[in-house]
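Heads up, the next two complexes both have chain A, just with different partners, chain B and then chain C.
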Partner chain A sequence: MKEEKKSASGKGVGGIFFFGGFILALIFGWIVFPNLLFSEKAQPLNFSHVAHQDSTCDQCHSFNPDGTYSGIPRLDNCVECHESPMTSEESERILVEEYIQKQQEIPWKVYAWQPDNVFFSHAPHQAKNIECTQCHRDVSKEAKLPPYSENRLTGYSKSTMKMIDCEKCHAQMGANNNCQVCHK
Partner chain B sequence: MKFGRRAFLQFAAGAVGGTLLSPMPWRLADDTAIWSQNWSWRPSPERGPITTVPTVCTLCQGGCGIQARLVNGNRAIFLEGNPVHPVNAGGICPLGAAALQYLYAPYRIEQPMKQTRARGEAAGFQPISWSEALDDLVKRLARLKSEGTPGGVACITGSRWNSMDDLWARFFSAYGSPGLFKMPSHSDSLRATAKLALGKDSPLAFALENASYVLSFGAALVEGWGAPARMQAAFMRWQKNGAGKGAAKLVQVESRCSMSAAKADQWVPVVPGTEALLALGIAHVMVKENLYDADFVSRGVLGFEDWTDMQGKVRSGFKKIALSAAYAPDQVAARTGVDAAKIQGLAREFASTANAVAVWGGGQHNVPGNIYHEMSFFALNVLRGNLKSGGLVSLVPDVPFQPADDQTAASAEGGAPQVKLGSVPGTRVPLPGNGIYGFLDILTRGMIPPLEVLFVHDANPAYSLPENKIFKAALDKVGYVVSMSPYMDETAMTADLILPNHAAFEGFEDVVGLPGVPYAYYAVSRPILKPRKDTKHSGDVVLQLSKALGGNVAAALPWASYEEYLKNRVNALAASKRGAVADKKDIDLSRLQSSVSVSPNFKDGTDLWKKLTGGFCWYDVPVDVRSALDTDSGKIELAFRAIQGKGLNVEDDQVYLPHFKPLPPSGDEKEYPLLLLSYGMLSLSCENLANPPFMTKTLWDFVLKKNDLFVEVNPSTAGPLGMSEGSKAVLKTPQGEVAVRVHLSQAARPGAIYMPQGLGHTAYDEYIQGKGVNSNSVVEVQVDPITGMGTVWATRAQLRRA
Partner chain C sequence: MAIDLDRCTGCMACSVACQAENNVSFRADESDKLRSITWLEVYHLQNGKEYPDYQFTYLPRPCMHCDSPHHSPCTFVCPVNATTRDEVSGIVNHIYPRCIGCRYCIVACPYHARDFNWWDPKWPKSMESMLSPEVSTRMRGVVEKCTFCHHRLLKARSKAYLDGIDPNEATYVPACAEACPTKAITFGNLLDPESEVAKLSKDPRAFRILAKLNTEPKVYYLSKHQWVHKLGDNSF
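Then we have the complex of A and B:
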């Protein structure tokens, strides 16, 4: 009897438990966990790239004379046009009242923020004619900023590029992959 | 179908398999690694646009043009030399390079503090508001003034090459107290020498860039003598072979093979303290062999030949003194340890090389020297004819600030009658110079009226005053000590009230003239960022106190802020229509000549202020000694005629003339068979600023190893004492006893111990304190009987194994 019992719970049906555990873990690992790992944070205000299509990209995202990249424009850039509200949108009100009038820089959450131990310069990448969209999202038709997903463990953005991606591209392009190229 | 143990294990095995095929474990491992790099205490540099702000460094008196790099306009990250600045031409000293550590130091004082317990108790400091602190101080000052005892207020300041110097003088003059004292500096001696010989109250200056032979008597030229960056530039120029010009020769006379001696073309090691004797030996040879500028000396110098004093008595001149047997090469050789033939060779070389100049340092520390010795070194320049128009020795020119109709200066003089400290019984000296030691002496012995308020500004005498226990003893007699230090230094620790000044680079400052430099210089140091703490510029504190005191004090200091006061001075400078702004690269100020005036390149005061705050400096031509001369005889005086009637032994003709007269150190030679001398280093800040940790990192491990300080001793001295490299030892002087370690070095003269200056702090923070020992706690000060200034040359010492 004992042996029968053993075989009944162990052989045919045993696979189901194994399979169930396997599937559940896959669902958790692939679908639930990523949602748990990242928290969605709102930007201080919405920025519509579409609404700014009357200006060129490098009016806001430009290289400084010393070769550094300005990245996200500072408040001075915004003030040039938005000293007073141009539309009646909520984001415009926040911009003028909360930041421009108080002369406070907008604490944008940067989607591609790299850790301090990474030395990254846009200049050599631009010189190689690498398109912005190869690393950053295409913003040309973007009216609403995407949500900012912050890794609960590391504090970095979900879209922060990982070292493996840098290395792959460097290898493909024949660029140097030595440590000190990026870690000074 | 039952979910038993086996089923559970099967489920778990499936889950493990599934998990391993999902990104979760890899992701978690990676993110945990990144998480571990982001501890909250890990410093993270601020990001943002980088800007560069030009300004002028005010950490020392060197007047270097610098530029600061800032992130977001408020986080200073880097200081570098300004290439468009004639003094340092892009160079920067180690202190300047490390200086941002002062801005962000943990030992900065956050706001005004009041001592609520016994003096010196760190836990007793309680924050108070600025208005509360100043009200309390005004009450004390107003009471003393109304009671007719303004002399109960004094100040010790380290400011001497900036406008705070003038502001304090105005304040004390208007308030009616003679109690304004400066920390000692070798420029006090250069000033006293000029006052005696030339009748001018300005320090001597040396056109070293134009010299081709430099005879240096212990001047720490490479280690930062005078204006450090200027000296480095001059040193570089000496090494260069210009077209048709040979490199300059530097001869260093010093007992230790210092950095200057090591870099010199020739090192002349002498017995400690006999540098002046060697100078007189050289003078002997020059006079005897007729190698001096006889034409210049006979026409322009009083006291070289025999001279007649005020009573009509004929006195011996310097010629007779120099020719006396005591200064004959054989005699000098025996006492200095330099061969007679070498002395003759030096004299002949000094006399015959074109553009030869003699310079000297302040013995140990940047402190005044023995006035007879200072005059002996000066006499060599007189013999060489260096004080002619356009010669290598002149005066640091005044900066023309004073408008013709200065109402405020008249108000300042309206204070109570000035009592000079020299007239206080017991401190009378014939020709008073910097009187800080005399003041501290009276204070310790009981001053009448008692000292009720002592300001300490831009100075840390509890640490950096040689024989610092003199200051500590005097403090017990002070009613109320007000420290104006931005940092929790040794003096601030003993204060009753701390009114923190801005740290360097946070407020407007200026530089008035450069020590040892013959051209006129003025620069404004603009702040590079907003004050980081609740601090107030000490100039603004003085102005606010004056305003609250009212009356003639307020009238003498009518400016709303220190910045406005500086603007006022710049306006006066612009109105003088003298000098120009060095706003281009490669302006060589050493080529300026007193006979060729420069034309102003600024329109008015506003324009000049704009240029000065843009990081440029103002300059003007050197002083023509002949026309500046202000002695009774109208000549350069080698004889101190003014001594007469000041209570000295006037029978001895030597008293009036440069001669060798070492001030004997105290202590029994048997008990203290060795001599202790301290030395400065360019990489060790030894005055009111603690050495920044970045700079401490650069010290050799035979200067400082962990917390142990090393003294340099010659192997022949250490051997008989049973010491070897690194031995632990106890250094004892009549002033105190400290634990040191021994570094054996041929650079040290046998019989002497050499100790670095700038270590051994007890205040500040854990990164500063407890490293080595403070040389000021073991050295001894000998007061010069003629000027009353405290000199330091050597201290008797013993060294024994610990």
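Then we have the complex of A and C:
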């Protein structure tokens, strides 16, 4: 009788320990690890999309005649207006002093940068009338660039589109889903 | 693709252009050809007769992109679907990060069109900036092969979309055909009866290598010599 009792209470304590460990593992897996995995990096300077509402989107984000897409404008585009500071903002001081005067391209961190073995072309997606915001964040009311989270293991951005998202949309739209349509 | 062997001079410009276009790696010592990687190999064929009947020809051999129903020999055996045929373009391609390096496809290919990376590719420092960004480099332990310069098709289709042309009508030229000084290599859409390559494929000089295997290669060869036709049906 005594022995039975002992083993029963032992089971109870063991259960509590197991449950506690389980909760800790969940906290680690769901909260601690994802935070550890991504490091937040700041952009070289802040860019306010709101402040540039007087120009259209494709003045900076445009297609090249050969069908490729220039996602982020080069410095020449900025120089057109910002040869000297237009306001007294800190980000503009950085732009003029660090980049325009030194004639150095701004090393923007691209939120949607794809791995090297991926071929992506904006042209077919635009031809199918897919909105930019279906894949990219809506920048129409954005005054401050969001922080860039970089995966510490792979070095890619957290908001890089995953293959599953591409595949899913291709299947739904009846587009070709063969590997080589997107891989090179 | 149609390759006119009567025009081919064996200069190997196609092979070199392919190597440069597709970031094909080479080894420090390339004297051991058994382990070197070549997507487009040029064979030297001889009729085996004595002078004055002696004749020879060169035969450039890219991947045949076999059109046999359902599967090409290589795509049929791949256990991980790393190599697949796009039924729209007809091009057989190989996705390197997906490849597990079992080399079953190399065994299955009757044309020896596939190569294996036994080592990580290495280029001299000064050459690294010359690599094409349009073709991903391979890593140790994966198979690679000719893609009919598939990246050029993707670019041509992309431009067609932007110009408002039907992307299925987009045309392009692979690096080998572009480099050929005698215009022996013709590239185009075999399904379009008006295309030059489709007309050449129906030429009486046309033959396909190892046609007896029913792999339906998409590369046609043209030669006026019957002994070349016969040799084309033998194993290499």
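Convention: the second predicted complex is superposed on the first by the 175 of 184 C-alpha atoms of A that agree within 3 Å, B and C clash if a C-alpha of one lies under 4 Å from a C-alpha of the other, contacts with A are read in each partner's own complex, and residues count from 1 in each chain.
Here is the rule we go by: a contact is a pair of C-beta atoms (placed from the backbone, for glycine too) under 8 Å apart; a residue touches a chain by one contact, two chains touch by 3 or more.
Just so it is clear, the structure is predicted and the values come from calculations on it, not from any experiment.
Engineer: Is A:F19 contacted by the first partner chain B, the second partner chain C, both or neither?
Structural biologist: It touches chain B, and chain C stays clear.
Engineer: Quick one: is A:N176 in contact with chain B, with chain C, with both, or with neither? Answer first, second, both or neither.
Structural biologist: It touches chain C, and chain B stays clear.
Engineer: Between chain B and chain C, which one contacts more residues of chain A in the superposed model?
Structural biologist: The partner that reaches more residues of chain A in the superposed model: B.
Engineer: Who does A:W30 touch here: chain B (first), chain C (second), both, or neither?
Structural biologist: In the superposition, A:W30 contacts chain B only.
Engineer: Look at A:N151 in the shared chain and tell me whether it touches chain B only, chain C only, both, or neither; answer first, second, both or neither.
Structural biologist: first
Engineer: With the two complexes superposed on chain A, say which partner A:K184 touches: chain B (first), chain C (second), both, or neither.
Structural biologist: second
Engineer: Using the superposition on chain A described above, determine whether A:D116 touches chain B (first), chain C (second), both, or neither.
Structural biologist: both
Engineer: Which partner does A:D66 contact after superposing on A: first (chain B), second (chain C), both, neither?
Structural biologist: both
Engineer: For chain A, which residues lie in the overlap of the chain B contacts and the chain C contacts?
Structural biologist: After superposing on chain A, chain A residues 66, 68, 116-117 contact both chain B and chain C.
Engineer: Which stretch or stretches of chain C touch chain A in the complex?
Structural biologist: That would be residues 81, 84, 86-88, 91, 93, 95-98, 133-136, 147, 150-151, 154-155, 157-164, 167 of chain C.
Engineer: Hey, which residues of chain A end up touching chain B in the complex?
Structural biologist: 9-10, 13-15, 17-26, 28-30, 33-34, 37, 64, 66, 68, 70, 74, 105, 115-117, 151, 153-156
Engineer: Using the touch definition up top, name the residues of chain A that touch chain C in the complex.
Structural biologist: Per the stated touch rule, the residues are 63, 65-68, 116-117, 119, 121, 123-124, 126-127, 176, 178-181, 183-184.
Engineer: Taking the complex as given, what residues does chain B use to touch chain A?
Structural biologist: 1-4, 6-8, 10-19, 21-24, 27-28, 31-32, 34-35, 37-38, 44-45, 48-50, 72
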